[in-house]
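Chain naming follows the written order as A, B, C and D, and within any one chain the residues start at number 1.
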Amino acid sequence: MTGRRIPALVLGLPRRSPAAAIGLLIVLGFVVAALARPLVWPFGPGAADASSELIGPSLRHPLGTDETGRDMLARVIDGARYAIAVPLAALVLGIALGTPFGLLAGLAGGLADRLLRRLAQAIGFIPPLLLALALVAAMGPSLRHVVLALGVLEAMFFARAMRDQVRAMHDSGFIEAAVAMGNRRRRLILVHLLPNTLAGIASEMPRRAAWALATLAVMGFAGIGTAAGASEWGAMVREGTNAMFTGQWWLALFPGLALLLLGFGLQLLAAGIADLTLRSPASRAGDLAGATR
Amino acid sequence: MERPGRTILRLLGIAAFVFLVIAFICFMLIKLGAAPPVVLLGGPNPMPEERAQLIAEYGLNQPAVVQFIRYVVRTLAGEFGRSWQTGATVADDLLARLPATLELMVYALLLGALIGIPAGVAAAFSRGRAEERTARGAGLVGAAMPSFLLALLLLLVFFRWLDLSPAPSGRLSVVLTPPPTITGSYFIDAILMQDAAAARSALGQLILPVLTLALLIAAQLTLQVRTAILMQLDTAHFAYARAQGMSRDMLTGIAMRGAAPSIWAAFCGQCAALLGTTAVIEYVFAWGGVGQYGLEAMSRGDFAVMQAFILLSAALSLLVHLMHAGVRRVARLRIRRA
Amino acid sequence: MSVVAELRGVSVELGDDDRRVAALTRIDLQVAAGQILGVAGESGAGKSTLARTLLRLVQPQAGTVLLEGNDITAQPERRLRRLRGRMTMTFRNPLAVLNPRMTVRALLEEPLRLHARLTAPARRAAVEALAERLRLRAGELELRPAELDAGRAQLVGLGRAIATQPRLLVLDEPTCELDTVAAAEFLALLASLRDSADMAIVLIGHDITALQPVADRIAVLYLGEIVEEGPTADLLRDALHPYSQALLSAHLPADPTRRGRRIRLRGEAPTPDDRTPGCGFAPRCPIAENRCRSGAPTPNQIGTDRRVACLRVLEGSSRIPLTR
Amino acid sequence: MLLDVQDLRVARRAPGPDANSDTASGPARGIGTALAGVSFRVVKGRILALVGEHGAGKSLTASAVLGLLQPSARVTGGRALFEGQDLLRMSDADLTRVRGARIGFVVQAGHTTLDPSARVGAQLMRAQSVHRAIVKAEAAWRAETLMSSMGIAEPRLRADAWPHELTPATVQRVVLALALINEPQLLIADEPTAGLDITTQVQILDLLYLELRRRRIGGIIITRDLGVVAQYCDDVAVMFAGQVVEQGPVSQVFARPAHPFTRALLATVPERLAIAGNLAFGGALPPAPDGCPYRPRCPEATERCTTAPPLVGAGVHAARCHFARLGAA
């Protein structure tokens, strides 16, 4: 797979992994919708209209309106900005913070590595969802804090993943060969270690984004860090919960379904990538051994 | 080979380290807070005497190190402070609410495993067929499903539309009085007290939250079990056994035995992370357990509760971790004995 | 003939602090320019450790490692790095040692980039010349490791090793994952290299007979010790150490008319963990005596340039009677 | 006649996107590995060697005969008559009764064949109960007896061991026992000693040889080692690019190789390897898609080789070459 060029990789994706292709399509769909909404949709997310409060789904308002007459479709699409930007920012932060740590720990080995591992293990005993919620609750509700809390937790994940990759790679042949060839440490890391370890981590990214998205939504739903934005999907579900039982089910349902769809897209993408990168080990053991049916 | 004394010492050392790290994080929650600690611990408008007491209790005018040591000592003594929302001590509040949460979690785990493990096994064995795609797709949808959305959807269908289940108003119909506490589970206690009405009501209230949690667990387990079994199916020894003409039952047995450690790890992983999801579900169903208590404390900034809740969640997953390691150790000893 | 690489009384221990295992014990070895030294031994004999010690990728606990007469035993890695163009090696598993993200061209270019001060066009030309020497096919320079089979990958590995015109080339079981045809081609290429480039080559393998076509001398390794060493022809004609004899007789001649009579050894090739006092081979040796289990034999000079570490060799009673 | 494979053809599609498909390693991915008409015979009590380079289709042939092809490959023609019955047209249920019972097999990398989570003895007993109703005590007794005749000391103790506790050579002995425990009429062994030390390799091969002879079992040994062929096999089939290019009794084929590929293969043997001359085997050249597949590497190729060569036979010795040199001596 390494030999292929990027365009060929993208064009060939539907054939090689339908799951990854559909997942990618869903995610990109949300991105495009969030960017293009002002151009194509007549209603804005904040435009209250007293004449059309709490209208059910109709042609004019496909997802209905809320109690102040705002168009739900506009609000849901507006929420996609948060649903995309916050996990993305958290992911970037997590990778930027986490990978250097993991790289250093993996390279150093020994005591430093053991200590960091124990530390990560200890922190890992707190369910990540609760830790993220607590961090935001402690720091106070603001978009920055939400990104920071999610980013720190992503960083812990990526540090650990990177560390494992480095350790595994360290024992693999081509690093030893590179040492035997007389590579400097810096070149060893930049040319040989980093590209290969990053490739190993890349497949985890959609799943981590899905985690950040879900956690963001729980924050919104529980009213923690609602400053993330009025049209954040979790917060919208929270607002619509009571209306759901009085008959206005669309208020909570559609933002919830948007969450589900985007999350599903990310999960599909992750599963597809895993399928593409993981080949069954037995298939390499020869035909007789590899035949499974 | 291993001296038990040394092993125990080592374990104690690790436990102490883990506790200190987690205590530090809980302690830091206050330091991260935007408001002064007195407000965080005593509520928006603490009385002057309350204020003085808090400062004395926590040593708030002393250096941070001293505060941390005090916090550790207090925590070890089981003192978690007072909730400014309920006015009671956090320890009492937690103890009163714990049975409700445990009841929910235990049933959900059992039901989740009962659905998820067979589904995962079936998915793996029907590799490449429609059944697998269905099970895997369902697993992925479940993995992407926001917990609160599933709860609301179930409520919408079974409570609002079909009117089959009671309102999400806690563990028991509001018109009934709870049975006296024996095990802490309203359902079991009601049965023990032969209170049919209470038992029926408790069961009715349980169904939807347990189902929600169980479905979420089952979705994850399906995916994890499927992967674990598939890895077994891809081994050369499995192919060999199949080629030797073993019956389907024997093959299933071989794959299950091989995958058992992974499945056990997946199950324990679900246990460890469960309190977070449970909190959200309790919140939706107004369950009145520790999860709802903790979540509301977080959204209102009741820091003493928040700290204790995080500690409790860590303690629970530490317990699960020990259970996981213990079983694995026993299983490995069984192998090594040969 | 100038000695290029030499080990003097080298001992290497591997493992962590809890458990140290003697991988090599008191190794004396010399290899001269223009010479191929074959090293034969079974798994656990210390072959790979020997290769890495020659290149000082492993720090020995005792003894001296010399490269072109210079003691490199205690050189810091920073200094060694500059020598790594003069002493190179190839590995057992040829595919695993190639960075999967680099093309064959980049892989061949790397040693030049590290050790030769060449301009980019000169380096390009050098890579092309190298490819021709290896008889790579058109387009193969642009492939990546995943698109190569073991034979081609080992060829690339060899190209990387000889790109900087080293003085010492160590080949760690280069043909063990190769087909017979690919292996034969590899050995033929190696022989032509020996004749054209004046370097010292250490060729490691697990079978004496497989080394025979190209090796000038052969050393037999057992449990981290050299039990016998001498010119290839002498050793093949008349192996003196019981283990060398057993190894030779275990070879299956590809000739149905030659039904070899075989020396049957007890048990399996041991790991260094199972090392017993006395001669390491004694537990499996068909002619071991009581003294073999107590005193470890030291290498004895036999004739002009053979060494054998066996107590019975001096009396001329080290030959095992053949039975079927 | 124990096994008569006639014109066996297997097509293989390029590995698809789904993770469960197989991946041929190296440049041969998807092409060239299919079988283009493989024929050979195994006689009761004789051992046939299947030799050739990696990717020539040796293992694929065995998989096809046993009905164990990967999903990406399928049989497109030919017959494989085992005691008169065509294995290729047998139902899966019938095939299951043949495999492991009447045909035993040893696969490459034997250590992966054993179930890591079951004791060795239990696996040997399990293999027996698959094919017949047997009392536990008898199954255990038979397992121990066979382990002992496979040269495993203290079989009762070893039967209680887990696979990871055994040395590679002992594992291989257990694997052999597993293949023989149901007293098959035919044994297919795919690289039975790959990865073993050479001193243990001969121990294992000696055992296998004696056991096959003693029980008058027909054997197919797939190997790349011509020494194994010369010393342990009666007949040989040389494969190249999915075809048998030469077959016959080992003594005749080794004495008078009729196909240029066989000659090249025999020239690689250490004792014969003439290093002095610059040997060009052309090992890296891919086989030709039409005509004689060996043409690109053949030093004797002519115009005629662009047409498919016929099978030229002289009695039991035959080769697929326009210029086959047969029976001259």
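Just so it is clear, contacts are C-beta pairs under 8 Å (C-beta built on N, C-alpha and C of every residue); 3 or more make two chains touch, one makes a residue touch a chain.
Note that this is a predicted model, so its numbers are computed, not measured.
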{"item": "Chains touching both chain B and chain C", "value": "A, D"}
{"item": "Relative to chain D, chain with the most remote C-alpha centre", "value": "B"}
{"item": "Chain centre separation (chain A, chain D; CA means) in Å", "value": "49"}
{"item": "Distance between chain centroids, defined by C-alpha means - chain A, chain B (Å)", "value": "23"}
{"item": "Between chain C and chain D, centroid-to-centroid distance (C-alpha), Å", "value": "31"}
{"item": "Intercentroid distance (Cα basis), chain D paired with chain B, Å", "value": "54"}
{"item": "Multi-chain contact sites of chain D, meaning residues that touch two or more partners", "value": "18, 20, 25, 66, 68, 71, 105, 107, 109, 112-113"}
{"item": "Set of chain B residues in contact with two or more other chains", "value": "234-236, 238-240, 243"}
{"item": "Sequence positions of chain A contacting 2 or more other chains", "value": "280, 282-283, 285, 288-293"}
{"item": "Partner chain B, residues of chain A touching it in the complex", "value": "118-119, 121-123, 125-131, 133-135, 137-140, 210, 214, 217-218, 221-224, 234, 237, 241, 244-245, 249, 252-253, 256-257, 259-260, 263-264, 266-268, 271, 280-283, 285, 288-293"}
{"item": "Contact footprint of chain C on chain A as seen in their complex", "value": "1-3, 172-174, 176-184, 187, 191-192, 195-196, 199"}
{"item": "Chain A contact footprint on chain C (complex, rising order)", "value": "55, 57, 80-85, 88-89, 91, 93, 96-101, 110-111, 114-115, 143-144, 146-147, 157, 160"}
{"item": "Touch list for chain B against partner chain A, complex", "value": "14, 17-18, 21-22, 25, 28-30, 32-34, 136, 140-141, 143-149, 152-153, 155-156, 159-160, 233-236, 238-240, 242-243, 272-277, 279-280, 283-284, 294-295, 298-299, 301, 303, 306, 309-310, 313-314, 317-318, 321"}
{"item": "Contact footprint of chain B on chain D as seen in their complex", "value": "18, 20, 66, 68, 71, 96-97, 99-101, 105, 107, 109, 112-119, 126-127, 130-131, 160-162, 165"}
